[in-house]
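These are the structures, in structure tokens.
Below are two complexes that have subunit A in common, paired first with subunit B and then with subunit C.
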Partner chain A sequence: MIPRSPYLIMLWWPILALAIASTGPSQYVLHILIIAGIYVILAQSLHLVLGQLGLLSLGIPAFFGIGAYAETLLSVHFGLDSLLSLVLVAGITFVSGLVIGVPSLRLSSHSFVIVTLSFAMLLQVIAFHWVDVTRGALGFPDIPAPSVLGFSWTDKTSWLIAILILDVVTFAAFIRIKTSRFGRALAATKGNEDLARAVGFSTFRVKLLAFAISGTLAGIAGTAYAHYITFIDPNVFGFSVTENLLIMVVLGGSGTVFGPMIGAVVFTVLPELLRFSPEFRSLLYGVLLLMAMLRFPLGLGELTSRFRRKK
Partner chain B sequence: MMSGAILSVKDLTKSYYGVTAIDNVTFNLPSGEITGLIGPNGSGKSTLFDCLSGMSEADSGAVSLNGEQILGKKPEAIAQRKLIRTFQNITIFPDLTLIDNMRVVAQAHSGFGFLREISGGSSIRKHEAEATTLAKHLLEEIELFELRQRKAGEMSYGQQKLLVMGMAMMAHPRIVLFDEPVAGVNPTLIEKMKSHIVRWHSAGVDFFIVEHNLRLIMDLCSSVLMLDRGRILTKGSPEEIVNDPRVIEAYLGGEPV
Partner chain C sequence: MFDPLFIAQLLLNGLVVGAAYGLAAIGLTLIFGVLEEVNFAHGELYMLASYSLFAAVSFLGLPYGMAVLLVLPIMALVGFGLSQAAILPNMERPFEVTVLSTLAVAMILQSIVRLTAGSTPVNVDTVFETMTFEIAGILFFGQRVLILIVALLSIIAFAVFLRYSRIGLEMRAVAQNRLACQMVGIDLKRIANWSVVCGVVLTGIAGVTMAPLFDLSPDMGVAIVFKSFAVVIIGGMGSAFGAVVAGILLGVVEAFTTGYGSVAVSEGLFFIIMILVLLIRPHGLFGRTVRI
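Up next, the complex of A and B:
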């Protein structure tokens, strides 16, 4: 039905990142690449609900935060192997997705936006006040380095490789979903929900599963973030992640397969490139966003499809 | 053929904001037949279809499909019980190809969980292959086979109307509720559509058809219900209906010819 090429084309990002890493760049450049890699996972998370279902979820930070806290608690209290705790966190965030999805997805798409945002804000409040467990505003400093099968790392090159592996795995999962029969059910639900129900789909279940998988992806990103930054506090539930993600997914192109991935990289790197002019940085960034939106209303991913059509 | 009713409706009532759209309607659709439903615009035909298919919730009454109560069930649950309805406005999945529009209907009836659908495997592939075979067969019947890889949204109005019919058949329906299947379609295509309906009916599918095209109702249906202001005004054979003065009054009286 769909060629295998998407699995190969997505490798542009790991190859590019590794090529840059191989030139022996500064720690700062490596850091930007790692953050871009974390955003690539988050962008897939939003892409799954916004791009595939047209559902604007502002609840991604809720899952990102759940993932970060769950991973931190598991590694601080139990010292689990990071691969094992990653699987546990994926399970926890999947179930959280079901729990948050059941009430939210019963609402109209407008209310859904507000309710998902509310869940993220609610969790932030809980993280601030449930001091016994979360340490409140103090947060968790000194989160231990990840340890996979006895192998542990703290240097940025290893981190970049680890994040790129997660990027490839989560992106492959995304493509698998999109090209499976479930992906067609998603397309049908997005295309015409009433018709999808009339032909026999429980569109509620379609949306619920996509929402839970989206939450799982965000949770995985949260896991990596906590270990990498080694410090979390309730601000991981903050709206700024959503703001960045919307720029990445919408300007990247939510209608295309690769757009959000491109957006995640471009819009992580771009603000850093603008640091040459601290006074005008925000202004320039705003102008560039506007220009991108006007020039590529369907997102940067449009470029790839234009390129393909020319061939 | 079979005795007994495929669809049995009793005292069905539905009102919107105090306006009674369906007013205490009772009727039986005998199994093995094509039944027509006529009535002026606003008489409640589409509302009746919405209530029967679960798209809108009736206020009171009972609907049974093959003896099973279906009123209050969700649209997808009613579709799973092999009552398939189409909509007055064209409803297709515009971004899917024709063949995927067809196959996605079979998929909805496959009974596989969505996690299974993601993980794939031989049983999914087998089901997909069967769906493809049926889809190709039906697309050949409705003469859209050559266009099967094109997006449904790119098709002409008549082609989309045909596709809607083909999609309904992909569910292996027991009964299909067609809401104005030939409205706005050219006469040649109408004749083709009629022959499709006759052929599918002889293969064991019942039809309940809303249509303003009285010629089609006369040619296809063994009995006709006339709905007016939410009530069943009369029912009978097509000949009885078109000669009924009340029908002529209600149906043609109010409208400029």
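Up next, the complex of A and C:
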């Protein structure tokens, strides 16, 4: 299932992105690459719970938003070094993952989907109405540029490099998790939860930890997003992120190692190439997703059941 | 502040909205109860019904009643389409396939409405809206009274249908034991189609009666699906009776929190009640014990 050197194969994306960047493309092309890079992190976040555990979490925007708001508040009020605040935000989103995970993961898988979605929506409501802290619908404009060890940047080439570094680190972490003992515990839990419990895994803890790590990844993507776009409002908790992610991860192939990464890049770049309006893109994504589910619900349905039969 | 008239008014408003929530949530819980499939297109179906009503009233110039009679068969057709495209093919597959399929349908419906009607909120005007009368100091609005009557009649009619019709009997049988039903020759596909169509039409009835009260926007389905899920989870997934009780409960809670606090508080409260119920009774107030 895992290629011999996944750490090398994953470098296709940074190499490709840097190759494009080295040809001196327009600011717009760089922007698309940066957004694709942010989606690579987010896709990994969904992939960890959906692909590795079969848990359909619609709560990724909750962590993405928490990350974006936490980073914004930290940098606006305290002016912390970005590396330090990134670590803080990772901690905050990890703990949020535990807090949201404990009630949600106890539920049936149907309720889990609904409750994770509800958490994202609740946070959006809070962001809209807790005006003293979040500035409500006004949002935060002019989020300061990141500064790491005194080095600060605003130009898009540096941004691309920074995002690619984050991509490589998060993807390496993902592979590390997948090949570790914990990764095997995830596979066991997904394959047959009762059996996994019988051989001594605390499947609840396994799921909770994976859910919190998934939240951390989304939170890291949120910090990058906030600094890069320099503006956030309650819409960061919105459903459109989930929509894009589902397309990227499911059509990319949630049962594979690299599928979601490829999906993230393809489905960020493709709509831009074809110059779709957001409405039309959403229509196309809906049709694609429906057709994929009808024809080859691979990764989700077919792959898991094939996996089970092998066991 | 604690004027009894004000409280009675809030209670009435809560009952009205709650009855509609209950009605909409029956549509969701029916599909879950019979088929064990979660319909994530639920909110968009409600939105579609409201927008179809808007189109029939504004563009075709139909009176409200006629427009409703036009919209409901359309909703039945949409329900059949949903069943064919997203529910029937996925009955034997893991549940998340249906979730993703119905989400895809939701995305399609929402973008179609955005592309045709635009994203600016619209409003449906009916004669009932301006109609008001006062009994014992409590204001009765025509449209709200209509909602209450239609919701109660639909719920009763549906309960009778479930209880006494052949299809209703078969639906309840499938909800109880799908395998046994197949063994005695109940056509599962037919029952699946019926359940989805009934569910979508009930959702549509809620959509068309509630439409004149609020502004319509293509993303209104998100709030509806959130509230319906809360209602269904609190009432117990698959329990129609639970949906009605929880719907009315949440309607009243919403009326009082908006009356004394703010909309934000009521949205937050929905969620907190939902989480509390799930933690204390994971199957909801009426789950498992009372099935459809």
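In this section, the second predicted complex is superposed on the first by the 271 of 311 C-alpha atoms of A that agree within 3 Å, B and C clash if a C-alpha of one lies under 4 Å from a C-alpha of the other, contacts with A are read in each partner's own complex, and residues count from 1 in each chain.
Heads up, the rule we're going with is that a residue touches a chain if its C-beta (ideal position, glycine included) is under 8 Å from a C-beta of that chain, and two chains touch if they have at least 3 such contacts.
It should be emphasised that the depicted structure is a prediction, and the values quoted were computed from it without experimental measurement.
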* Asked: Given the touch rule stated above, what does A:201 touch, subunit B (first), subunit C (second), both, or neither?
  -> first
* In the overlay, answer first, second, both or neither for which of subunit B and subunit C A:280 touches. => second
* **Contacts of A:56 with subunit B and subunit C, given as first, second, both or neither** => second
* Should A:294 be classified as contacting the first partner (subunit B), the second (subunit C), both, or neither? -> second
* Asked: Is the number of subunit A residues in contact higher for subunit B or for subunit C?
  -> C
* Based on the superposed arrangement, let me know which partner A:137 touches: subunit B (first), subunit C (second), both, or neither? => neither
* Of the partners subunit B and subunit C, which touch A:129 in the superposed model: first, second, both, neither? -> second
* To do: Could you look at A:113 and tell me whether it touches subunit B, subunit C, both or neither (first, second, both, neither)?
  => second
* **Residues on subunit A lying within both footprints (that of subunit B and that of subunit C)** => none
* Structure fact -> Touching subunit A in the complex, subunit C uses residues 32, 36, 38, 85-86, 89-90, 93-97, 99-101, 103-108, 110-112, 114-115, 222, 226, 229-230, 233, 237, 262, 264, 267-268, 271, 274-275, 278-279, 282
* To do: Within their complex, state which residues of subunit B touch subunit A.
  => 53, 55, 74-76, 79-80, 84-87, 91-96, 100, 103-105, 107-109, 112, 114-115, 117-120, 124, 128, 167, 171
* In their complex, what parts of subunit A are in touch with subunit B? -> 176-177, 180-182, 184-185, 187-188, 191-192, 194-203, 205-206, 209
* **Of all residues in subunit A, those that touch subunit C in their complex** => 50, 54, 56, 103, 106-111, 113-115, 117-118, 121-122, 125-126, 128-129, 239, 243, 246, 250, 279-280, 282-283, 285-290, 293-294, 297, 300-301, 304-305
